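Dropping the structure in here first, questions after.
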Amino acid sequence: MELKWTIKFEADRDREFARWISHTVGGERIRHCLQCGLCSASCPLSLYMDYTPRRLMHLSREGFKEEVLSSASIWLCTACYACMVECPKKINITHLMYALKERAILEGFYPKRFPIPVMARQFCRMVRSSGRITESWLILQVFLRSAIWRLLGMSNLGWRLFRAGRMTMKREKIQRQHEIVTLLDSVAETRKELAL
Amino acid sequence: MPETRNSGNGSNGNGIRVGVYVCHCGTNIAGTIDVKAVSEYAAGVPGVVVSRDYKYMCSDPGQALIQQDVREYDLNRVVVASCSPLLHEPTFRRAIDRAGLNPFLLQMVNIREHDSWVHLDKQAATAKAKDLIRAAVRRVALHKPLQKRRVPINPNVLVVGGGIAGIHAALTLAEAGKHVYLVEREPTIGGHMAKFDKTFPTLDCAACILTPKMTTVGSHPRITLWTYSEVMKVSGYVGNYRVQVKRKPRYIIEDLCLGCQECITACVYKEGKTPDEFNLGLSKRKPVYLPFPQAVPQKVVIDPETCIEFKSRKCKKTCVEACGERQAIDFTQKETLEEIDVGAVVLATGFRSFDAARNAYYGYGRYRNVYTSLEVERLINAAGPTGGEIVLRDGKRPQAVGIVHCVGSRDANTNRWCSKVCCMYSLKLAHLIKERTGAEVYNFYIDMRTPGKGYEEFYDRLLDEGVHFVRGRVAEVSDWAARSSEEGKLIIRVEDTLAAFVRRIPVDMVVLSVGLEPQADAQAVRRMFNISCSSEGWFLERHPKLAPVSTFTEGVYIAGACQGPKDIPDSVAQAGAAAAEAMALIDSQFVELEPYTAFITEEECSGCKSCIPLCPYQAISFAEEKKRAAINEVLCKGCGTCVAACPSGSIHQNFFEDEEIFEEIEGVLAYA
Amino acid sequence: MRNRQLSPPPVPRGAFEPRIVAFFCNWCTYLAADLAGTSRMKYAPNVRVVRLMCSGRVDPQFVLDAFAQGADGVLIGGCHPGDCHYQEGNYKTLRRYHLLKRVLREMGIEEDRFRLEWISAAEADRLRIAVNDMVEKVRALGPLDLTPKAEEIQEEVTV
Amino acid sequence: MKYAYYPGCSLRGTGRAYEESLLAVFRSLEIEAQELDDWNCCGATTYLSVDELTSYALAARNLALAERERMDIIAPCAACYLVLNKTQRYIRDYPDIKTVVSRALTAIGLEYRDRVRVRHPLDVFLNDIGVKAIAAKVVKPLKGLKVAPYYGCQIVRPYATFDDQRNPTTMDRLLEACGATVIPYTLKTRCCGGSQKGTLPEVGLDLIRYLITEAQKNGADVIATVCPLCQFNLECFQKEASGQLRDAQFRRDPLSIPVLYFTQLMALALGAPGVTIGMERSLVPIEPVLAAKEIAYA
């Protein structure tokens, strides 16, 4: 068997990351976490997780960035809010998961052709270009960019949905598209200005 | 020897000679406030003759220092800047008294609780201290010598609540020769402890140690036991409380009932139909019943809600026949009000256990085999509904049992606090269940909290016995099976936080270790006795460390779980302490009341009468002949409401005269 | 994105520091302040506490005098309704408070400068919040300027 | 009272049946709802994970638009409902977010003053119309139809105040008013996997399988949903999910159960005259079930 060092040194801790997590929106109470694991136990996805939500909370407040951002768990979260509603310390776990995803995408912590970030990016593009989402197109684009082969598997379902009139090729679009563009740009501006 | 500073200006003309004493309180004050600078500053305030700072003013040398100065500089006013007056005002008053100065010529400045402990900015804190001292110096100049009033103390004591704490307090007081009124809401004393089977960690049986004490209470010549009764009204003040007690009708003449229980056997109901309160509804009782075999007093109760006689007035009254010439049954009994006078009160009203149904995910009330810990206590108890057999509702023995800790504890969604006793009683239940059923027993805990004599050892014993301990808060108890092997079981879903993965554990019986809560009517009781509650609703002690059984109302003491979650040893210890405090008060024979009463300068009174309705104690009367209001000093409690309201400014309050307060206001604001 | 709402911005040195006179009931708010101390809570150092046996003792003149003597704000702390140590003193306080508020408005003293808080002996945190909040509000209002009115009040008070 | 109807993108795609039936119910309950003028995508849960700030601005535009009309928003899609609610909260709680959003809105000549309520049809039907009124309007009671009420996540969790977060019952009461039998369904708020089916299929499938097997074990004829994504997941992947059954016990009954929007069932009971309620769009036909229960369906 191959043996690796599992020991951690203080130098391995990313203090900036630890500070960030407890200062980001939703992180107010992360230091209160008493590691009871109620989040993990109430999480419907935890059955797949490499690091349970409880461990993510602790690892992030201690600043073990690598472990946290490269964990599959943050991508498994479907934002069902079960953990947040149950948490005995009222920690906004779901929102922290969002924050971690955002950060992971920002720092490119995910496998190549990983569908979730691809999906997210396509989603944003579509919103900018037409103000609304046309699911059929979105799905199409996501698969084209992440896992073409799956399209084949899906084609049958796609066809049935198409026949049922649930897959339109017509793009949904709002009238005052320019408003969306202005809106998005304004946000970008303010963010720079206030360094958020 | 601390340095002395003689201020240049010294006495301020009108003969006022003030000494100012700034306490370091180790680093508690000196750590944040520049005490040297402060006392130097004080030395310069008009009227100040001497100003010193010292490590511990409350220490003997500290007090000696003051007394020496009083003589040496013949001071006639003293200002001590240290901790809260509620802590050491008496100390320093005594000190200057012994130096021949009237104790009320002292003014204390709170520069610890209100300053050094709550501020980080040293500059600001020091400035604040100076302001407060300057104000005190100006105020104290106007202080007048006052005398405390002495009022005799009624030697009787009221104990509210007949749980283990109330019982112990009552016995201790009675043994010491005091007469005790013990008032209990339920038909019997014994409280929660009477429901338990064994007690941790020694596993001695609760009844065996409790019932002897209960019977002694029942028969003690100096204890008046009023069960099925409630305190309705409290008036008066320390040493002289008047209390009104409501005695609910039990439809039995207590003096005549022998507790033979023949009426119960004779009742027209062959079987009990009403859920038995004492067994938490796990068994049924008749309309006429004795709460439990060892109940004290051994007097039956008739429940008018379910008794046919009360419904239809057409019952055969077989119970009356059975009672025969004793004629102890009286369907016409009415509730009565008793008035008693007592000098002190011990509140031991106990706790209520968390309503498990409030946590929907644990399925209490939805799944039949989810029990609360208290219910299981009754199941295990030999005198309980199953005669000590631990069986499920269908009579089967459980093969696997899960004990869920922290139900209604350490949870922002219900109660934030740790209920303190649950870990230990869960261990106890785990042991008893394992011992009697041989089932697989799982404990689901967040942290094991076993601080106490022999507690950790008991935990070790459980580990030896092969009980499972899974560290994690249970998310849900459900009957939903994800595998055929889970069919028909209750599945506990929890993260095994030490193994770091989620587990599903099928069991037959779930025990919810419910936490402790303040009584539902704690707020009402608190108001009645004029004491405070913590934000959680527990009765508030006067000082968390140094006055744990006293309250902010003189003569009212607290014991047991009404003050916070507590196990039996702690409750008993506290009950003893409360009893001792009450005795100390009573044996001092007199209370000294602060002289902060209001008085009227007749010539100034315009006789407008506006003050009279303001006084909650009817202390103000109107002297028709003089057309002037008059205040009865004995009735006045010194709130000062009338003073503030008097349009002609003819009412004054000792130690809180307008001029004194104006000086203080202007003092704090008049900084250089 | 920071969760700023939790941490009020620090005040620069030398900035205007409000002076607030507080009248605390001996049985509740004063004890709450003691508790805040024993539990080492931290709050703004701008308040000077005057201890009274009951908030009912607060004579409107005390408040006026405080403002006349240069206080930027006045805070009264009493027991919750129904909890008065002297049965109903705090109700009297409440009534006076409302009257006084009107008078102060007449004199052009802003609402936020005069405040009544019910704080029980157990509510140290409530006290901390109340004090900090009031100091912030008064700081925002700036120093109280009564020069036009000051003299007449002075008379009123010293009559 | 008049409402601003905010369909959201899904109701124009895979969730068309939801919109059709919802509008039908509006009509038969005489609820006045006009489509929110030029509404845009709320950003959904996806946007939050890439660019939180922006998502609030996007959602806020819709809030502002509705505010201008002085109407409550009705948001039938779970994701929209959640995002709109969340946006309101966060604007309240976080000054920074407030600044960003209000600046963005000003840039497009809008203003948000936190004066609008975001409502879900469940809430509106139960609290504004009421079970009694609805029961009175029922013409085709769903006699003997056993329904598993599936709420999913984002309606009641975490912000909804109109129902119990742990054991919601609004849909149960509405369907009972329509004459249906609501079966106990312990997983009524367990997540269906959301968009995971699209991104991490095996994960999605497991959750779907759990939900459906449980419903079938409890003898449900049909699952009622309140969310287009839940409906899509539960209906479209039954076959794949059956393939995944790992446990002999469950392999006996392969998964096959109609999954409808609760509004379709309501519309059916209210006998919405001469309009489509999207039944024909189901992949698992409902007709056989209805026929078996002798519930007439035109």
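Every chain is named by a letter (A, B, C and D) in the order it is written, and numbering of its residues begins at 1.
In the analysis below, a residue touches a chain if its C-beta (ideal position, glycine included) is under 8 Å from a C-beta of that chain, and two chains touch if they have at least 3 such contacts.
Keep in mind it's a predicted model, so treat the numbers as computed, not measured.
> Going by the contact definition up top, give me the pair of chains with the most C-beta pairs touching.
Per chain pair, the contact count peaks at A-D.
> Which chain has the mean of its C-alpha atoms lying nearest to the mean of all protein C-alpha atoms shown?
Taking the mean of C-alpha atoms per chain, the most central one is B.
> If you average the CA coordinates per chain, which chain's centre is most distant from that of chain C?
Measuring from the centre of chain C, the most distant chain centre belongs to D.
> Cα centroid separation between chain A and chain B, in whole Å?
Each chain's C-alpha centroid was found; their separation is 50 Å.
> If you average the Cα atoms of chain B and of chain D to get two centres, how far apart are those centres in Å?
The mean C-alpha positions of chain B and chain D differ by 50 Å.
> Chain A to chain D: how many Å between their CA centres?
22
> Any chance you could list the residues of chain D touching two or more other chains?
As it turns out, chain D has residues touching two or more other chains at 52-53, 94, 96-97, 166.
> Using the touch rule from the top of the page, what residues of chain A touch 2 or more other chains?
25, 47, 196
> Hunt down the residues of chain C that sit against at least two other chains at once, touch-wise.
In chain C, the residues touching two or more other chains are 1-3.
> Provide the residue numbers of chain B that touch chain C in the complex, in ascending order.
84-86, 110, 112-115, 117-121, 124-125, 127-128, 131-132, 135, 527, 530, 532-535, 540, 544, 552-553, 596, 614, 616, 637-641, 643-645, 653, 656, 658, 661-662, 664-666, 668-670
> For a test of understanding, state which residues of chain C touch chain B in their complex under the given definition.
17, 19, 21, 27-28, 30-31, 33-34, 36-38, 40-43, 45, 48-54, 56-62, 65-66, 69-71, 82-83, 85-89, 92, 96, 120-123, 125
> Which residues of chain B touch chain A once you look at their complex with the stated criterion?
361, 410-413, 446-447, 471-476, 493-497, 500-502
> Quick check on the complex: what are the chain D residues that touch chain A?
Per the touch definition, chain D meets chain A at residues 9-10, 12-17, 38-41, 43-54, 57-58, 61, 90, 94, 96-97, 99-100, 103-105, 107-108, 152-154, 157-158, 165-166, 189-191, 193-196, 198-201, 203, 206-207, 236, 280-283.
> Can you tell me which positions in chain A touch chain D when the two form their complex?
Contacts found on chain A: 25, 44-45, 47-48, 75-76, 78-82, 84-85, 94, 98-99, 101-102, 105, 115-117, 119-121, 123-124, 127, 131-136, 139, 142, 150, 157, 160-161, 164-168, 172, 174-176, 179-180, 182-191, 194, 196.
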